[in-house]
């Protein structure tokens, strides 16, 4: 086997994986703060990216478009909390999950209704071409864009980890995800915290949406990326920020290696389910994902 | 005083164990059956039968299959679309490869094949739980899609990928007219629903619920978790397989793997949750909501805004209304439409003196 | 009843769940400043509902106070939400402890200080105070709360409530599932907190013996109604209470006809 | 409590209104005998909305033009009702059932707008005697009209397209004999639609001695890195891009990352809209796709639409999309279908046409160069010659290239390898006929297939 090629597959797989991690991160945030699997995260990515690109198309400078989009996401978070979540406190998690499905339809409709369902090009000014230096030395094609995306994802993970584990708000958020009612009973204001965390998730969605949007164009399909983020989320553990990134690396490289080296023998296209099989195998060893909080069972 | 069990004294065990112990419920069931068998086929237009009733019954069956697994046995599955595909393709292959096989037998065999597949994918359920289990079933969904689309044998070596299903012939009777196809589906649905109703009241149903509520505790009192969970997977995917076969043969009249994609799995889950976990009737209510509401919303806009020159915004507004209604119903009654019905019964029982 | 102005005054409240199920009908009670009041009764009598109505946690359970009013420190609490109650000094320790399983003991305690506006140093002091009452917790401060024993969880839960520097703690079934010695230990701490820190308690208990030993005043709840109330000592002496709650029936069985006689007596008072 | 009641009432009202609306709509004010009803499927939401609005938009623009400019077809106004499928097969069936009986004589034909819907209504349409018309997509083997009486995969089907692509590639390489030893990668969606052309490529590879590698793209195809790493190993001469929606765009990006020349990627026409190229930015420059219409506004009929329809604010799209790929395809659909209606009028008299009458018209439709000029559609529409034997009636394909801003037509009509394609179609159709117990009609080979 060609060693350079193997490493090229491995590295580009990892870089792909980081792109999934970006989306998975949004899920993790909301899960960590409420124990809810937010089905609408994909729609939030779509909404954020679409809002951003439409502001750009109106001729606004990039910083203004960015700030306005952030504002939209924050307002949205507050509204979601006020109108939906606050009425569902303390309900079984599957009900909250279901509510986010409703939210998903709503946001998909809203995003495409207010803006439109067309395909928009987005250019962030990050070149999607091979890094010349790497290519010269190793013969590998590693895209500048991927490296930039990886750096952004890494910094996001770092910042969010600090917020969750070193601050009062972070501690309160983790408490809420364990037990809504107990959190309320000790005086944690669920409404405010949820609004905060949905706003952060909105910001993460914007980052993911903008980066993916440059690659795919801003269009409805952005909401489908959530599907690729799912195995990452499961493998890393629903409530681990670090897990999201590590699992992204694992899944990305795993699926690419499998597709390139195993795919041709079984007709190809195994990337569609391979991440799930990988995640499942690891779940057998650790049922809560690689970095997820232990499942505590007492009778 | 309309709905009250007081005064209905059960004098035999048989009466106590009847499916509908309360007279009013029994009458209600009779009315529903009468409506389904007599009123709907005579009164409803072909359009209503074709576009609403037939798919509604099939989706209700699919939702019931998941409800048995999720609502009763507590095992989350996002692979039911895939299980339906197994049923559809299995039925197609039985029907085309074994000539003169009675189609009902063929459907039942398809159900058994699906059950076997379901049990296989249920194996991880012993160790993996909750949303994490969803991944195993998601893997099932994708693996099934992959296998069926990778090996043309499943689609009868057809170059076109999608295949037409054979005509439905039962004992020489060609089930072809809309009404006939409606009865065909209704027959399956009624028989299977009554069987399920009995199953969930039996000891297996009780052990499912015990596993659902606390599997470690259930194990302590002597319920074998793996066996119980696998039976749930098996029964559930058996039903899903039959629903899939009905969907392909009676509704789409084509076997197309894309009709059983992940979104259908999600749809079935929506039906179960909105209808009410752990309620067979809820499955049908949920199916009605999830399947019919978007069409009804669409018809409403067509009626009120005319059938021409819709703007994109209206199409999207339909999505928003649909999503909004889901949230609205959850806020009003988180335990689903079936619970809404129970609460209503509770009110009727107290009526006219609430407290 | 004590002469002080009551800390909490519950006035004739009615609670309905899900718009149909009537749980409390006409419950009234008072907790005086610095008192320990016990709310007694069997399973399903409405003790927890009463506490949740006071702490406002009822809102998240599809329950609703449909009649009557609740005052805390002389103020109507109708429009308040739980975190406002906590910052005003009223906190509930829920039945079954409800510790945050995936947080360590110390993190659990710190969540209790969420509404504590005193700054970092104040919070550290408060933490030390809690540890002084529960030295066992300090030793295990970094263990995950999901893995500690029931008694430790109960202590964590009470300690967590103390972190909010409350003037009243609503304590729901502190004895549940604990060994008698532990129960005793916890009640001792409650008593100490009451006398040393001046924290008032409203205590819902099934363990009537224990509760009446430590409480000043008691209410007995049955089927969502207060059927009897009085000084703890008086209640403990009452024949009916002895018979039905303390299990100290006098020798021979009485006839069924007598069994509920106090209920008959009380029905007109409720 | 009141909220709950309101919700229930709304639901009940919704269902009532839904079931009633079937009758409500039938009671239209104008004279139904002066109108030709047409059902129109759209998908305005979801990942394929660009096509799902663009093509119906063009179709309706052309209908509007006829109504506006000529007062309809021979005085018969075109009226239509939309139904949004969201690109879902089951909703497509619902739409079919909803619309099939509307109008004075029911739906004259049905444009399913997606391969999945085309399959699902195949048998229903046959039973209801409504032509199931798929222009540029659909069930390829139903080109054999002897077996598929009511299915019309018109203008050109996927197999014809693939053979035309090979002709084009051979032209680039300097003749069919140069194909020997060449390498072609068929990058296709792992989906029945994507896999449909595998047999024809295999057959052609055997015939001309080139090597074809099929690489399936797992849905949704938003990340195709691993596939392009494989392609880089293979070093193919050409890559066929047979995807749909966003998975069309990704290959362009990936090709740019590894420096594969874009003018050696030949896309299917469903990967050939502005919406597929624009998001790839600079990476799309040079990309070539097949096409069955002409793109741009410099066609008289498109100009007329601009003037009469958009000038009177009757347009169905934003004016910027007029002349775009999806719009022009819609216009071509409109031209073909209305020409068939016109032909039906000559045989059955002026008035609304039924499905059965349209079946005859579609089977006898001829649109020659003179007629195309007359319609102001020179270059926009290929010549059409339909028959009972040949439900495709054309099979010619053009190629166009993206210059970073717009599509430029780079070839004239390229012929397909008719005999090779027809042989495969007949084999597949015969298998279908056997399974279904259909006795094929006896029709002589016509037009391009006639044996001289």
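When the chains are written out, they are named A, B, C and D in that same order, and each has its own residue count from 1.
In this text, a contact is a pair of C-beta atoms (placed from the backbone, for glycine too) under 8 Å apart; a residue touches a chain by one contact, two chains touch by 3 or more.
The structure displayed is predicted, hence computed values, not measured ones.
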Chain whose average C-alpha position is farthest from chain A's own: C
Rounded Å distance between chain A and chain B, as computed from the means of their C-alpha atoms: 32
Centre-to-centre distance between chain D and chain C (centres being mean Cα positions), rounded to whole Å: 72
Rounded Å distance between chain A and chain C, as computed from the means of their C-alpha atoms: 43
Gap in Å, rounded to a whole number, between the CA centres of chain D and chain A: 36
Junction residues of chain D - those touching two or more other chains: 44-45, 49, 53, 190, 218
Shared-contact residues (touching 2 or more other chains) in chain C: 19
Residue list for chain B, restricted to those that touch at least two other chains: 146, 150, 312, 316, 318-319, 325
All pairs of touching chains, each written as two labels joined by a dash: A-B, A-C, A-D, B-C, B-D
Chain D contact footprint on chain A (complex, rising order): 5, 8-9, 12-13, 16, 19, 108-109, 112, 117-123, 128-130, 141, 143, 212, 215-221, 224-225, 227-228, 255-256, 259-260, 263-264, 267-272
Residues of chain D defined as touching chain B within the complex: 3-4, 7-8, 11, 14-15, 17-19, 21-22, 24-25, 42, 44-45, 49, 53, 60, 79-84, 89-91, 93-94, 97-98, 101, 115-116, 119-120, 122-124, 127, 139-141, 190-193, 195-196, 199, 218, 316, 424, 428, 431-432, 435-436
Residues of chain C that touch chain B when the two form their complex: 16, 18-22
Sites on chain A touched by chain B in the complex: 37, 83-84, 87-88, 91-92, 94-95, 97-99, 101-110, 112-113, 116-117, 227, 230-231, 234, 238, 266-267, 269-270, 272-273, 276-277, 279-280, 283-284, 287-289, 295, 297, 299
List of chain C residues in touch with chain A within their complex: 55, 57, 59-61, 81-83, 85-87, 91-94, 98-103, 107-108, 110-112, 114-115, 144, 146-147, 160-161, 163-164
